[in-house]
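You will see two complexes here that share chain A, one where it goes with chain B and one where it goes with chain C.
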Partner chain A sequence: MQVAFLETPSLWIIGALVAYGFAYYVYAKWVDEHIWEVSEKKVTPAHMYLDGVEYFPVSRYVLYGFQFKSIAALGPILGPFIAVAYGWLPALIWIVIGNMFIGWVQDYSTIMLTVRNEGRSMGPLVYNAIGERGRKILLAYLLFYLLIISAVFIYLVSLFWNVFPGSFIATIGIIITGLIVGELLYKYKANIFGVTALAIILTLISVGVGTAVAWPPKDFFGPWSIQVWSIILAIILFVGAIVPLPKFITPMNFVAVFPAIGGVLLIIFGALISPATGMKLIQPAFKGWYVQNVGPIFPILFVSIACGAISGWHSLVSTSTTGKQLDVETDARPVGAGAMLTEGLLATSALAAYMVVSPDLIAKGKISAFVNGATLLTAPFLGGDASKAYLLTFFSIFLVIYAITVQALVTRYWRVFSAELFRGSWEWLGNKYVATVIGLILPIIFALTGSWINLWIYFGGSNQLLAAMALTLVAFYVAKMNKPSWYSAVPAAFMTIVTLSALLWEIYTFGLSTFGIKKPLAKPPLTQYPGAAWALNALFFVIGIVLFVLGIYMSYALWSAYFKVRKGEVEAKAVSP
Partner chain B sequence: MLDWEVIPIPLFGRKNKEKKEEKKEGVSEALKGVLYGFAVHGAATAALKTRMHMEHLFMLMTLGDMLGFPIIPPYYSLKILPYVVPNIKSWKERLFRERDFTDLLSG
Partner chain C sequence: MRWEEFKRAAKEFLFGLFYFDLYWETRKEAAKLRDAVNLLIMGELLGLPLMTTPIMLRLLPYLLPEIEGWKQRQLRERDITEEVPETV
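Coming up: the complex of A and B.
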């Protein structure tokens, strides 16, 4: 069945591609040449401090793939689910504008900051700008940030396992495949191409077995199903955080790469050929300025899409690894801007999947909307109705692996982070077993309320506030170089206002239930225990205030430093030789 | 002993502009690079760091008395010394490099 081009998601995907092309070839190029004045002849830290471990030059193609893998998670896929509650048009506008003027600016510029500052990562860069207190506040902020990410991702994976029968079996299949691949690669030194082929075949078989068995059914563990799934996931993550990386996490991530890439390509292709397959836009373009249980379009829309438009996590990746391995300065644009704009394309494709599903699914907050939409887009060219059951399991696994691979690293990061933080005093808290258990139990407790949308907004708000800090930091250093800093300062100001407003909104929401004005935000079975529900709401209220206060301090300190440079109170000088 | 100065990193970067001009980068090389970066680069970097930490321990055991830790008798240290000497400089550089908590993200 063919439908008019204008009635399908295809036009919007092509429009977004054109916009991202403009951002990359015109705007980013201008910034690259006129603000940073990149040169292939300037020595990068990868060459300056070449040690073959942290600092070594890597091809831009490799770094692009690495950067994209490190930044792509659930944000661009599930974020549009919340944003589309306001209609697909506001979501699309924000994804495109966010990527064009803010998202790539942060990723690219933070890479350049590291390159021009002797390979320094975020902490030392903040230290140089606002001093030791700022660095400590950043540490505290990141601690809460990691907990919130963990709470959201652990809850969502548990929800996927509960909602999509067979997805757990397929996940276990992929993990076992990872273990086999790890042994073959590291222990038996097997041929990489053969192992890769085996990994793809075993992954497809795992999805097939999950589809055929379709067990366990929804709510298998009764009313506490999601919590039981959370504990099962926590056990897997615990093992991942404890055993050496090559034994578990890296082979699992290696295997997960193929369905992750395959899924993205299939959805983009499905959206592009939607005029031929007859997939029509059936979501309303605009639904309203306020959505019950989500909040007002400002600021919620701007934090809900998270990594699909801009994300603070990217600045951590850019400064801790990518910037140290950049071969030549001219690679920063394809790596930083290129990877971010590709993620923007992923968000746009995910939005296309939501565009073709029934508005009822979105209105009822059904998490299956993405899986249904992606299946609708891809089934027509992959076997029609016969393949739908398989594709439903495949796309549910697609969601699980994007969450679980990042969560495995976050849990491990938390463990290493705690060991560093509690060195000297309270050393037992830094013990690898204790730290991992704490890093898993706290998020599970947070996730007990089941109000994942509110948790997601906390995650989006804190994540993008980190991005706002990174953008302000960039503006500070660019101003120090006596170059126009508006390209980073304007997005930084916008994101600071938006994210602090979003955090305030959630504080207000949890405040209403904390002070008894409204019923606590909770889903069954927690609703049977109003005392516990209230306690968790109060906890979120406090966490929101802590995040807000830390965010305000960091923003104030960074903006003050920026204005001091602008006024000439701090000596402006070129950062690079 | 591992030679830290010559580590065969696949798809090593270009060194300068001239080299770039010499070599036309084909689409297949780009695709190979992207796939390698997507699937393996993180793991390769993590493996290098694991090796680095083990190397630090080895150097500490063999040359601990340089830092005031006589872990193995000096006789054996002396026997190993000729093999270890080429790595002392890079070992010191890596060991004494200040690392921040945000550096931990990379493994």
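Coming up: the complex of A and C.
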């Protein structure tokens, strides 16, 4: 029995839980009390600037649930898929260490930065540290980063629709459910709980119809399937980006949160009770230092699992939303650190789903590995073999719905971002329709290469670099408060080195194909057009260089500002009022 | 008492997980519409030539509780990074 327990993923999940408990109750508490010296008596921006819309105090439990919902997406679920190519042990170590010493540090500290800086978000915080040019470079960096995110998610949804017959019908069912829910809530002022029940029932029916009909069959559009699916997706996203939020995106995201969070809870539960369900570890613990088509373990492992260990995007969420609604400073730890460590638990559970699937699926880079693993973990307590077909569709739609809701928001954000960026000059690029079309065509072009692992590493690298910037910014402000800044500066230095190395690795990979040393990275049907494949690889090469240069500039500027404060060249003063 | 506290915490957590986003987005959308109406009613007082009618002036008293929040929303520092989508 003991051997059986050791052979299941649950032991490792419980081990991770203990580590996260230590991080929360010991390390985070120490930072909370000794570095930030939080106090219930200090007035937070939620009270200071109370307007009932952007700023208003919210209970810690509500904010914890909201923060978790906001940060838990595909990152912790798909990231471990690439990382497990090195074996599950390195992936597990990085998830646990990353969460314990880096992930929560960033999420919690950026909330505190906003709280102690009158509710300021990332842009103004960067402006205060390194000036207007720094803020502009940050915006330019975000622009390219948005392109990479869009390319990843558009490609993934198209791939899921192609690989999992039935997931398209289920997606359409959920979108229609969203439209119905939107009308009921906003037009007919229907009762929210009745609407919730209806949304859940219609979602489950959509998954059931998708499972029963399983249409269209795989490769329905032939070799161009993924490209055709990406155009169909682009049409949906275009509508989402230009119609008012309450008409489409808000209700769709509301409906989507139920299967998404439901899936997350099922996976965590399935991983925890794996000794009882008999799911065994069949992946090797360690496979090697270098994996063909992925790269060396350093730095790729650290950027492949992004959101599950540390994610730069969280710093934007923490500074733009959560920090403005914190009731009292003492809530920052349960909300910021608590939500991040819970996300770490999700990443560990997703890893468990890969631990129980055949190593062949991982070796072949089959994204269906997650769907299979999640089904294996959950089927034993959800009806056994009889429910497997339904669960396969459910977990495929789980991936699709996560990606599509994120992408709908990202496309819309791209439009708003473009309008802001091109105000005053080249205004036509900020036009509602032009910006949306550009924000969809460019990622589709990138996604054409079919090399989602390389796209993911670009995404992870640039996302983690944003985290390195946020951590350096935190170190800057903490040093300015005359407090020990090592707790943020050391992870910042590590992340800066790791992410710039990862971007360099990808530049090198695409450089090899750009300069004709290797064949371009491409999948059919693009392989029939070597010129186009080369051009796309060269484009990726250039994008990588741009991201790298912008990243180097930001890192240099932020670290210089930090060392100036440390040397006393900038007046050190308490940031809090 | 502890059980009551737990129930309250669980209820609030579930609200945050499933409903807070919808609640907040709706609140923001409502504020945008209200701000537009506020501008129509108050515009002339702010120097905008909107030809405010006496009927609009009759609505002024309903605006009073909102003026403080409205003023803060209009005057506060804004940055495009605040608009980032929550989930990535």
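Definition applied: the second predicted complex is superposed on the first by the 574 of 577 C-alpha atoms of A that agree within 3 Å, B and C clash if a C-alpha of one lies under 4 Å from a C-alpha of the other, contacts with A are read in each partner's own complex, and residues count from 1 in each chain.
Keep in mind that, in the parts below, a contact is a pair of C-beta atoms (placed from the backbone, for glycine too) under 8 Å apart; a residue touches a chain by one contact, two chains touch by 3 or more.
In this text, all values refer to a predicted model and were calculated from it rather than measured experimentally.
Once the two complexes are overlaid through chain A, chain B and chain C clash, as defined at the top of the document.
Of the two partner chains placed by the overlay, only chain C lies in contact with A:A73; chain B stays clear of it. When the two complexes are overlaid on their common chain A, residue A:L245 makes contact with chain B and with chain C alike. Contacts of A:G568 after superposition on the shared chain: neither chain B nor chain C is touched. Applying the stated contact rule after C-alpha superposition, one finds that A:P57 touches chain B and leaves chain C untouched.
In the superposed pair of complexes, A:C307 makes contact with chain C only, with no contact to chain B.
In the superposed model, A:V406 lies in contact with chain C only, and not with chain B.
In the superposition on chain A, A:E40 contacts chain B only, with no contact to chain C. By the document's definition of touching, neither partner reaches A:G424: not chain B, not chain C.
When the shared chain is aligned, chain C comes close enough to touch A:I149, but chain B does not. Once the two complexes are overlaid on chain A, the chain A residues touched by chain B in the first and by chain C in the second are 49, 51-54, 58-59, 61-70, 120-124, 138-139, 142, 244-246, 250-251, 253-254, 257-258, 261, 316-317, 319-321, 413, 416-417, 420-421. If you check the complex, the residues on chain B that touch chain A are 4-5, 7, 9-17, 20, 25, 29-43, 45-52, 90, 93-94, 97-98, 100-107.
Contact residues of chain A toward chain C in the complex are 49-55, 58-59, 61-73, 75, 120-124, 138-139, 142, 149, 185-186, 192, 196, 244-246, 250-251, 253-254, 257-258, 261, 307, 311, 313, 316-317, 319-321, 402, 405-406, 409-410, 412-413, 416-417, 420-421, 463. Those residues of chain C that touch chain A in the complex are listed here as 8-10, 12-22, 25-29, 31, 68-70, 72-73, 76-77, 79-88.
For chain A in complex with chain B, the residues that touch the partner chain are 40-41, 46-47, 49, 51-54, 56-70, 120-124, 127, 135, 138-139, 142, 244-246, 250-251, 253-254, 257-258, 261, 316-317, 319-321, 324, 327-328, 331, 413, 416-417, 420-421.
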